Amino acid sequence: MYEFVTGPLAWLAFIVFFVGIVVKLVLYIRGLDWKLDRVTYSVNTSYGVRGALRSIGFWLMPYGTQSYRNNPGFTLALFVMHIGLILTPIFLLGHNILLAERWGVSLPSLPEGATDVLTVCVIAAALVLLLRRIALPEVRIITTAYDVLLLAIAVAPFVSGLLAHYAHDNGQLWTIVHVLCGEVFLVAIPLTKLSHFVLFFATRAQLGMDYGIKRGGMKSKGIAW
Amino acid sequence: MFKKLLFATTASPVCDNAAKVAFDLEVKWEAKLLILHVMGVPGRAFSLQFTDVRTGQREDISPDYVEWVKEEMNNTYGKLLEDSNAEIVTAIGDPYREILRLARKEDVDMIIMGAHSREEDIGATKHRSVTGSTMRKVAKAARCAVVVVNRPCTTCWRLFSNIVVGTDFSKASFSAFLWAFKLAREVGAKLHIFHSIDITAEGLTLPAGQTTIEQRVKEARRRIEQTYIPKLQGYDKYSMEVWEGIPYVEILKFARDRQADLIVMAHHTREIDPEEAELGSTVEQVVLRAACPVASVTHPDKVADLV
Amino acid sequence: MPEGVLCNKNKVNTLEQLQALLADKSGKQYYQEMNNLDVDSKALWDLVQKTCKSRTRTWLEICTHCGLCAESCFYYLSNHRDPTQVPSYKIQSTLGEIVRRKGKVDNAFMQMAMDTAFSKCTCCTRCGVYCPMGIDMGVMFSYLRGLLFSQGFTPWEMKIGTGMHRIYRAQMDVTTEDWVETCSWMAEENADEWPGLEIPVDKENADILYTVNAREPKHYPEDIAQAAILFHVAGENWTVPSEGWEETSLAMFAGDWEACKMQVEGVYGAMAKLKPKRMVVTECGHAYRATVIEGPYWAGRTSGKPPVDSFHYVEWVAEALRSGKLKIDPAKKIKEPVTYQDSCNYIRNAGLWDSARYIMSQIAEDFREMTPSREHNFCCGGGGGLNGIGRYREQRNIGLKVKRDQILATGAKLVVAPCHNCWDAIRDLEEVYEIGIRWSFLKPLLINMIEVPAGMRGEE
C-alpha cells in the first residue's frame, strides 16, 4: 500500500498537478482578449509588465498593500499559512530523505524543529481563517461548504503529517493517510480554486497590466496598491 | 418698437404686476407675446427630474406635467389672456439661462419680469452653487431691454409722460439712453437725463470735497450736453440733471421728483464683483424701491439704428 | 415572448420610441412591463459564451471569499456593514449565478440583478484595488449591466439615455445646431467683458480640440464660456467640433455596448476630420473614461489610444499653470480650508492624481486631503449613472454618507469637484444632509484667480 501511494499514485498526482497548472495557465492566457478585456496586452507591453510586476510584488509582500495593512490579523494568518504551505513540504527532511532514496536527488532541508513549527503554524492559521469565516458576517455570507472543504484539503496533509511523525504507529497508517492527503492536495490545486496557486499570478498580472497600460500607468508612477 | 415681447413669470403673485404690463403692451403695441414659465431647475444629473420652482417638489418631466402647468397658467392669467394671443412656453433649467435662451432664439425686443427676490432664486442658487439673482443675470446679458415691474403700474405704457434715464457715462449707459430716447419719442414723453456723482465710490465724503464735487457736476453736465444731447436729433422734450450722492438713492429721489413713469438704466458692469455685493447692484436696488417699472438696457443691439 | 411597448429588448433608435419613453412619467408603465418581460435564456447564454472569457471567468471562479473587499465598498460602509453589500457577494449572486446557471434565470432574478447593479454598485472599481486576487468587481458589474441591457433589464433613465446617444450622439437632446448656436451665444454674451473672445467651431489643425458634456450646452452653457475664457487667456489655439463634441456615455453606464461604440466613433471622427494636435475634455470624469480610456477598445483601435493624444481638463490646467500660460494671482488664492474630490474615473482609473495635487498646490493656501484620497478615494456616491436614476434614489442617498463624513473630517467648507457626477452628488449630498458646504468646478474658481494680461479684459 505504501509503495503504491508513494509510487504510481504519487506519479499520477504530480503529473496531474504539473500538467494541470500548466494547462490552467495556458488556458487563462489564451482566453485573454484585448478587446473584451479592454487591455492592449501586446501594445505598450513594457508598461504592462511594469504594472504586472508591481501588482504581483506588492501583494506578495506581507503588509505591502493598503488592504493588508487594514487587516493585520488576517494578513498574518494568510502569510503564515501560505509560507508554511509552500516551505514545509519542499524543505521537510522526511520528504527529502524519501526523494534521495527514490531518485538520488534531494533539496536542502530545514531542521525538523523548524518544519514542526511551520506545520503547527499552518494548522493554527487555518483555524484562525476558519473561525474568521464563521465569526465575521461579511465573510460568513460568502463562505460556502466548498471553501471549508478546500481549507480542509490544504490542511489535511499537515495534520496527518504531524500524526504520522509523532503517532508511532507501525502499520504506517498515518503515513499512508498523509501521503494520500498530500496527493489529494496536489490534484486539487489545478482542479479547484486552489488553482490560485498559479492563477493568483495570472489575475494579478492581468489587473496590473490593465492599470499599467490603460488605467493611468502611462501617466503616473503606478497605482499604490 | 416692440414686435416681440417675452414675459418671464414664476406664475406667482410676484409677477402679477408685471403680467398686467406685459399683456397691456401686447395689445397696445400689437406685439407677439411669449409667456415663459421656467418650471424648475434641472433635477439630478442627466435624469428627467426637476425641482418645481413653485412647490419645491421633485417632479418628472412629462407632457402631462407641461400641460398641467399651462393649464395653471391659463387659470392664473385667465382674464388677462382673454384679449391676448400670447403663447405659453415652458422650460426646465436655471431661470435666468432659459429666459436668455428664449430671448435670443426669438430675438425679442423686450423682456418683462417681476422683481424676483433672492429667496425665490434659492432653487437656482442651490443648483449651480452661485449667488445672485435671476434679474441681475438677465439684465446683464440680455441684448434687449429688460423691464422689471415690482409695483402696480398705474400708467399705461402708451401714455407715459416722464421717462428718467440714469447714466454713469459707460458704454452700456449710452445704450440705455438711446433706448429711453427712442421710447420717449415714440410715445411723446419727456426724457429726463440724470447722472449722480457717486460720492461713496469716489471718496468724496470729506467736507473738503465740496469744490471737487461742484467741479464734477459741471463736468458731467458738459458731458451730457456734448455726447447725449446731439443724439436727440432736435427732440426738445428733455431735461438734464446732475446730482451727487449714492447713485441708487439719488435716482430714486429724482424719479419721484419728476413723477417718472419709467426709469431706464444700464446694468452697471463697472461695479466691483456684483456677485458678492451684499445688497446687489444699483439696478436691483432701484428695482426694489421704485414706484414705477425699471428698464435695464445694457447692450446696443436694439438701438443700433440710433448709434 | 411578451415584450413591452416601452420595456423590451429593442434598442431606442427612433425619436418616436424615445418620446414614448419620455412620456411615461417616472417610468411607471416601463417598470410594469418589465415584470412581464421574458428572459431569452439562450440568447443570454450565447452572449455570455461570446463575451465572458478567461479573465472574467477566472475572477468569478477563484474568488477565495476572503471578504477583504467588504470594507473597500462605500455601500457596505454606509449601510451599517450589511453583509449583502459585500462586493464579492453582490457579484457572485448576480453575474456569478448567470454563469453558473448557464443563463437559465428568470424575470425575478434579472430584476434583482438589475437592482443590484444599479443601486449597490457605482462601478467605482475600488474593491478591485483591495482584492488580493486582483478581482475587479466594478468591471464585472459594468459587464453585468451589459448582459442585463441585452435582455431589456435596465433602468428607465438608462434606456432613455442610450436612446439619446443613439439619436443625438449626446446624453441629452442637444442637436448639432443647438450646440453650435450655444457656442456663438456664449462667445457673444462674454464679448464685452473679454474682447476678442472666440469659440471657434470646426477649425482644422488646432492645438486643442475641446469636447464637453451635453449638460453644459443644455443647462449651464456658462461652463463653455468659462472654458473659452481660460483658453483665451492662456493663448491657446483651440476649437470645438460641430459634431462629435460630446464625450460622455450613458451608454457605458447602461451597458449598451453598441451605442458606446457609436458614441466614441463620433468623437474620433471629429479628431480625424479636424486633425488637432490633441484633445482636451471638460471637467467630467466618466466622459474621459468613456472616450479616452475605454473608448479606443469599443472602436477596435489596436493601439488602445484615441486617434490623438487626449487629456482631461485637470491635466490641461496643471500644464497651463506649470508653463505659466495661466498665472494665479497669489492674493486671490483660496484662503479657506478646501478639499478635493478625486473622481474614480480619472483618478483611480486614469492615474491623474498628481495633476490634481499640483493644481491645488497652486490655487489653495489650505488644501486638505480627504482620507483616504487619490486612487484610494471613495466614490462620491453618484458614479455609474446612479445620480440620475429615480428608482434607486433612496439607496444612492444612503451611499452619500461616506463622502459626507469624509468631507466633514477635513473641516473644509469648499469642495473642488472637477467631475460632473461628483459635483452633482456633492450638491445632492448638501441638499440631503445639509452640512453647510459649497462645491465648485475648477473653471469658475480659476477665472476669479488668474492674472489677466493688461488690455485683455474689457474696460466696462
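Order of writing sets the chain letters: A, B and C. Residues in each chain are counted from 1.
The criterion applied here is as follows: contacts are C-beta pairs under 8 Å (C-beta built on N, C-alpha and C of every residue); 3 or more make two chains touch, one makes a residue touch a chain.
Remember, predicted model here, so these are calculated numbers, not experimental data.
A linear topology is adopted by the chain contact network, the touching chains following one after another without closure. Most remote chain with respect to subunit A, judged by CA-atom centres, is B.
Ranked by the number of C-beta pairs in contact, the top chain pair here is A-C.
Centrality annotation: C (chain centre taken as mean Cα position, compared with the mean over all protein Cα atoms). Centres computed as Cα averages put subunit A at a distance of 39 Å from subunit C.
Each chain gets a centre from the mean of its Cα atoms; for subunit A and subunit B, those two points are 77 Å apart. Residue positions of subunit B touching 2 or more other chains: none. Partner subunit A is touched in their complex by these residues of subunit C: 51, 53-55, 57-59, 61-68, 70-72, 76, 81, 83-84, 86, 88-89, 92, 128-136, 293-294, 297, 300, 302-304, 315, 348-354, 372, 374-376. Residue ranges of subunit A in contact with subunit C, taken from their complex: 27-40, 43-44, 55, 59, 65-68, 70-71, 74, 78, 133, 136-144, 147, 193, 195-196, 199-200, 202-204, 206-208, 210-211, 213-220, 222-225.
By the touch criterion stated above, subunit B contacts subunit C in their complex at residues 42-49, 60-65, 93-94, 97, 100-101, 104, 126-130, 141, 170-172, 269-270, 299. On the subunit C side of its complex with subunit B, the touching residues are 22-26, 157, 160-161, 171-172, 185, 189, 192-193, 214-215, 218-222, 250, 382, 385, 387-390, 393, 420-421, 424, 427-428, 430-431, 438-440, 444, 460.
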